[in-house]
Every structure is written in structure tokens, then in C-alpha cells.
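Here come two complexes built around subunit A, the first alongside subunit B, the second alongside subunit C.
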Partner chain A sequence: MNARWRTYCIVPLAVMAAGPVAGWAAQYLALEEAQKLCFPGADAFVPSDITLTREQMRAVKKDSGVRARTGTQKLWRAMRGQEFLGWFIKDEVLGKHELITWALALGPDGAVRRIEILDYRETYGYEVRGAQWRAQFYGKKHGAALKLDRDIKNIGGATLSCRHITDGVKRLLSFYELFLK
Partner chain B sequence: MNCSLSKLRRCHPLLGTFVEITAAGDTAAAVQAAIDEAFAAIGRVQALMSFHDPASELSRVNRAAASGKTVRVSPQIYHVLAFAKALHAGTQGIFDIAAARTQDQGAGTADIELLPDHAVRCLRPLTIDLGGVAKGFAVDCAIEVLRGADMDSALVNAGGDMRCFGRPQPVCIRHPGMPGRFVPLPDLNDAALATSANSYTACAHFHGRTRGPVRRPFSVSVRATTCMMADALTKVVLACGQRSAPLLSEFDADAFMVYPDGRVICWEKEEA
Partner chain C sequence: MGYKRNKSGWHGVLLASFLMCGGLWAGEASAHEGIFGFVYTTETLPKGKWELEQIYQGRYGKHQGTYANSYFRTELEYGFTDKFQGAVYVNSRYVYANKNNADGTTGGEGVPDGADPNTSFSKYKFETVSFEGIYQLLSPYKDPFGFALYLEPAFGPYKYEIEPKLLFQKNFLDDRLIVALNMVWEMEWARDKDVSVWGHEMEFQNVLGVSYRLANNWRAGVEFQHVTKFGTFSLRDAEHTAYFLGPDLHFARNNFWTTAAVLFQLPIAHGFSQEQRDAIQGGRIFGHEREAVQLTVKMGWNF
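And then the complex of A and B:
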């Protein structure tokens, strides 16, 4: 085998077909799958959403240093019969441009049991807000998204920070401390 | 190929980024268990090698290095330091894991002394930053776990640095300078791919020998047998460009330099 430097000209994927925008989405877990993964022994997840007042939201911000996006926190009590196994909290944080759906599982004592990413979306450019463009891949299962030359699946390159998830954990732990404990 | 394989894809926030693991195996339960173990292995590397966590083993090593004390370390950190020292020597100092501010004082990877029984001593005060290799090492550890769990195939992608086995994987990399555009690369087959670029951020990489910042208009992707090797070599190619060819040959690696205008200059082995 030998090697040498060679030059290619490549038309980047998504430029020609999608116009001036591109995006990528992955669904890792449906809600029920995530719940089961976090609490394998649970036989019921009891919806227990809490809507915070502005005052309460400010309290969370003060305690965690992180501002909440929305006043309503989606949460479930994981149960096995009468036994309380812990809290399953579904949340969203801003990724690079779009919201990432993720879940935090807390034990009955409030200790972090598990963090799972449910949905990850990434889009670029103002045009991507258009419903028509979104329609081309939302709702599709992975493997069917963005059929161009090939699927855009395994993306290398610039590292994306997960700092917003870390902030989200802080915020939800304050939420637990103030309203669930 | 067995058609009844279960394939799962999971994502956890680790190493400061999003780590995605895809694996296929006999049953969904076995695949999920293997993926959980692989994430745990990455978590252990993070706990050992985080630069910013004062409780990490690396921080303990750095505290000892400041005073020239000898310190016992885990086999993992020892292994990574040995790799870094070898690459530092092999690149005549271009690859350096000493933090830029300690490089300014003349200290470098060569001042790290590896002693028997996993003991480490620094001959000059220096701060070690494993940012250029730890992520690749973590990916390698996860792959080892997945192989050990008899997965049919798997891919671990830690925020853009990845490694796979079992079946060829289509890969593309982010276009330097054009967010949202993806440049396809040849399929990855039982190999690792890492990418470095500084076109999106103001932060620059540092040249270990000239001590100067390295700014390049192109991104560099290196394909190698391990992700730690690929991760580390991207920094060398970013610093040396086409002059890195002998090194790439020596380490059996391929490189792809992607320019903003769509040109890809690649060093790739050809089948004879």
C-alpha cells in the first residue's frame, strides 16, 4: 500500500438538495421507553405536573442560578404498587439552535438516578423555522431522515457543548428541593 | 448476518458534549446493558481525566507536579501519559499535553517522568491538560466494553470523535465555516475518526514546538485504528499540514483536510 496527497472537490451534503439550510434530528427514546429505562421495576407512572407561579420560578432561578423556560414542569411519580420509586422529570433545554428533550430520574431521596436524552434536533438558518422544511424530517423514524446521497447519521467535527443539560440538572434539583421534597 | 439483531441508539451528556452510542446485538436487553456499561466506562474516564474538576485524578497529578512530588496514578492515566510521551517524541515536540501557560515557562511533555508501579513525577512544574487525548481514550474504552459484551456491531460518537466495529458506518463531518453543511467521508470500518478545527471558535490550538497558536482555515479529520491516536494526530496535522505525511504513514493513519470552499485534501492509503 502506498499513499499520497490528493485533492477532491466535494459538494457538501444538504447544500444542493435542501437549499440554504440543513438540519439533523435524532430520536433516541420515546417517553415510555425512557420511563422504563429509568425505572425498570415500575408498574405505573402517575402524572404529577406542577405549574409554578412567577414567584416560584424566581425562587428556582435564585436557588440554582438558572432561569426556567416554562412554568409547567412535566413530571411523573414512578410507582411499583404502593411503593414510591422516584420522580421522572421530562424537560427541554436549548441546544445549538433548537430544543433538546431530555429526562432526569430522581430516586425517592432526590438523588440523580439517570439522565437520558430523548430527542436531539439541530437546524441552521432562519428558513428552518418554516413548517415545510421541518416536515421533511420530523415525524420520521431514524434511518428515513434526510435521504440525499446518503443519510446524515454519524457526524464528526466541531464538538457541541452539553452545558445547557448541566444547567438543566441544577435547575431541576432546585425544583425538587423547593417543591417536591 | 442475523436478521433478528436488536439495534439501539442512546445519547448521554458526558465529556462536556453529547456522547452517542449505537450498538446491535442479540437481544434488546443485552444491547441496553452493554450500552449502559459503555457509558459508565466513559464516565470513569471523565472522573479521572477532567482538567476542571479539582477532584479528578488529573488534578491530583497536577497538584503533585507543581511541587515535583511523585504520585501513584491509575493504569488508565499512566497509559495515556505513556502514549502522549511517545507521540511527543515522535513529533519532535509538536504534540504536547502541557497546558499553554506552562509551555511558556519552558516545561513540556518531556518533563513528565513515568516510573515503575504507575508512579509519575514531573521534573519541572507543569500543568497537564489531557483535552487532546482523553476524549479519544474514553471512546476507545467504551468500544472495548461493547466488544467485550459481544455486540455484533457498534459505534461510539463523542461529540464528533468516533470509533466503530462490526460493520461499515457512513460518516460525514461538519463543514468548516458553513454550519449545517456536511461533507461526506469514506465509510468508517473498524476504525476511528477524529476532527479538529478552530474555524468556529476564537480559541486556537497551540503548537508544541513554536509555542504559537495554530490557526487554520481548514478542519482536519484523521482516521486511525484507535480514537486516542486519531484525536491526537488531528492536532499534529492541524499544526503541520501536508508536512505531516511521514507521521501519518508511521502511525498508519489517514488525514482529510476540509477547506471552506469544498476542497478536500486527503492523505489516504491506496490499495496496491
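And then the complex of A and C:
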């Protein structure tokens, strides 16, 4: 290999070496931490997973317009003694390359109480963790439009994540309406 | 086949390029990432983000013998706004040819007219520096479909090129399935080192890609390219059409991605003149510009 070829190969070889080494993945919250943030007054989270049939999944899709990724929905009843505080639902939506793990907290009336991002593994778009963006959903109930650039503001450079989390909220509000209410 | 010699000034393309680039400088989005080998999607880099990309494009196989045309591109992209990204490329080429023409002589793109047709030819050379602008008008995530304008002027000692493209993208199945279409118009001025007059030619391309998310980090798809070549800038001077089809594979993790695609020429080429028809063998056209196989391998690093 002559000098000119060696010089030319430096950049691509550096990229190949640097690419797989650098990492953006982050676990922001463990499950228990997210549960405490959503329901600080709760003293127990009772596992209440529901496995949907294909028919039920189709009903969620029909109601929300969003396809359910898996049949089993991980959820917990947040309790303080005998008092029911609300639902804590753990979910995943598609990110650009991997899955975004997030959680939705619903009050006893089915209104969104809080959203938390547990794992985010994408290069861009981590701004969806911002309190201000997540606060747009608080108080929303089944039937809300939940459309980017309509009742939910988009974050430039994080459009895909914003869209899929917004769709996720819409799907879980339909799930609540059909199977938890 | 080859360039029609013409003294028309290439500086027209310079002016047109700057004007068109200027028109594009105005101006939100997601990371630009090459999920296809030959097709661009309508996504652009977020504001203030950079991407370094290394691209290899190879074209192989003529009538007989050996022909390999390797095009190396190093690209640096920057997101000026969430809807507009610019890039600069450094382009170089390595050509190896040996008795690849129909008549057993050595030739093809990158082999100068003055080269000895009876021996093998190989040369590596710097070719051009090019500038790219992509402006996203419609987002595939918010609008019914994605739409972007692309412009790439290239400048080199023996070659000038301008390449406007219309980029379309439609996502299905919650963005698992992505379909993208590019309509490309490429105009080129070039001359051999020892020839003073500039030749010019143009190409129209329709490039279609379909990519499906197989699993986290992995995508696979199919790409189709339809090329019509013109010997001048006149639509009346169409020389031939050729069709290519093949698979692609894409991997991305964190800030790194890589894509490979290979396209095979389909045996349904059409020549618009006797000279062009003579360059067709087994339904595939070769001659000066076309080869049996095209390969792209590219990788990008976002920072």
C-alpha cells in the first residue's frame, strides 16, 4: 500500500473503529424509581398484568388507531393502604434503532398523571425526557386528540420519539378505556 | 458513446449551483441515516449535529475481461436547522480495466481515450469536491408523506456536475416499513486531462427503495434503479435505459450505522441508437457507462 492509499484509509478506518465503541444508551430510571416518582404516596404496587387476546388487541387498534406491539401489558395498581391511587403501566415503543422503555401513570379517573422515560438508547431525541414536554400530556383522558403539532408540541430533532410516545399514550388510554375502567 | 465535445462553459453550472443552494438556505427533523445504499430518505440531521460518512461505490463487469470502477467518498454533514442540512464531500476514483470491451479492447468510464486499448489500465485519482444541501419540506412522521429537495454540485479539475433530486418517503406499519423514491437529474461536464474541450451529458434516474425493520438495530430491503442516459442536455439525445435491482442490509447502534447494497443489472436494457443496441449483450447494456453490478458500502458516525 503506497502513502496516498494509507492517507486515504485513515478516515474510514477511524470511523469504523470509533463507531461501535462510542455509546449513547442510557437507563435513566429503574422500575421502582419510576413508580415512586409517579406515585410518591404509594406504599404498594400490586402487579396486575393483563394479556390481551388478538380480538382485544384489534379493539385497541380500532379505538386508538395505534397497533399494540405485544399482547401482555405490564401494569401495577398503586395503593396506599386500602386506597387505590391509580395505574402504573410500563410500556415500550419503537425508537429509531431500539425500543424506548417508558411508563404511564393514570389517576383513578383515567387521566394522565405522569410520564417517565426509563430507557432511551437513541443517538438523538433524548429531549423527550424534558419535564415540559411530558407535562403536555398531564390531565389528558381517553378521547383527547393527541396529535403532534396539534395538542402536543413536537421537539425538533426528536420527531420520531415524540410521535411514538404520543401514539403510545393514545394506545394506553384506549387500553384503559376498554379493559381497566 | 461518451461525451459530445462542446465548448459550452461549465461556469454556468457554478452559477446555477450557487443560486439553487442560496434558494435552499432557509429554514426541524430526525437524524439523517443512510438506511438504503442508493436511495436517500427525506430525514435531515438535527440542528447543530454532525455526521461523518464514508462511502464506497463500486461498479463491476462489462462485456468480458475485467472492469472495476471504485468511487470513494468522504462526507461531513451538518444540521444548520432541523430541516436543512449541508455537507461537503471529497470524491476520488480508482479504475481498473483489462480487455473489457465487446471487441476485446480496454475501455470504459475512467479510461482516457488516449490509453492503450490493448493493455490493462489502472489509475487512482482525486475527482471532485462536492457540496450537498437537503431541505425537508414535509416530515414522514408528521405529514402524510415526507418530501425533501436535494442539490449537489461537484467541482473538480476535469469534471463538474450538478445533481438536483426530489426525495419522497412514506412510512407504514408504525415506521417499521419505509418506502422511499428519488427522482434524480444529473448533469455533467467533463474532459480528459490532455483534451481542451469539455463534453457534457445528463442522466435521469428513478430510484426506489423499500426497507423493513427486521429487529432492533437491523433493517433489510430491496432497491430498484431506472436510469436513462442522454448524450447531450437535449431530451432528444436519449442513448439508453437500464434497470437495476438488488437487496440491502442496514445496521445501526447508538451513534454508528452501516449499510451495504448490491444492484444487478436486469436483462431488459433498451438502446435508442444502433451504437447503443450494439452495446447490449444478453439484454444488459455495457458500453462506456454501464456495468453488470453496482455495490455500495457506507458507514456513518454521528457526533
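Everything below uses one rule, namely that the second predicted complex is superposed on the first by the 120 of 181 C-alpha atoms of A that agree within 3 Å, B and C clash if a C-alpha of one lies under 4 Å from a C-alpha of the other, contacts with A are read in each partner's own complex, and residues count from 1 in each chain.
In this text, a contact is a pair of C-beta atoms (placed from the backbone, for glycine too) under 8 Å apart; a residue touches a chain by one contact, two chains touch by 3 or more.
It should be emphasised that the depicted structure is a prediction, and the values quoted were computed from it without experimental measurement.
Given the touch rule stated above, what does A:I115 touch, subunit B (first), subunit C (second), both, or neither?
first
With the two complexes superposed on chain A, say which partner A:L160 touches: subunit B (first), subunit C (second), both, or neither.
After superposing on A, A:L160 lies in contact with both subunit B and subunit C.
Looking at the overlay, does A:L37 come into contact with subunit B only (first), subunit C only (second), both, or neither?
A:L37: touches subunit B, not subunit C.
On subunit A, which partner's contacts cover more residues, subunit B's or subunit C's?
Residues of subunit A touched, subunit B against subunit C: more for B.
Tell me the contact category for A:L29 with respect to subunit B and subunit C: first, second, both or neither.
first
So subunit A touches subunit B in one structure and subunit C in the other; where do those two contact lists coincide?
Common interface on subunit A, subunit B vs subunit C: 4-5, 8, 11-12, 15, 22-23, 123-125, 149, 154, 156-160, 163.
Would you pull the subunit C residues touching subunit A in the complex into a rising list?
28-31, 33, 46-47, 49, 52, 54, 72, 74, 79, 82, 92, 124, 139, 141-142, 173-176, 213, 216-217, 252-258, 299-303
Write out the stretch or stretches of subunit B touching subunit A in their complex.
Against subunit A, the touching part of subunit B is residues 9-14, 16-18, 20, 32, 155, 157, 159-162, 164, 169-176, 178-185, 188, 193-195, 197, 200, 219, 221, 242, 245, 248-249, 254, 262-272.
Any idea which subunit A residues touch subunit B in the complex?
1-15, 21-23, 26, 28-29, 37, 102, 115-117, 120, 122-125, 142, 149-163, 165-166
Using the touch definition up top, name the residues of subunit A that touch subunit C in the complex.
4-5, 8, 11-12, 15-16, 18-20, 22-25, 66-67, 94, 96-99, 121, 123-125, 148-149, 154, 156-160, 163-164, 167
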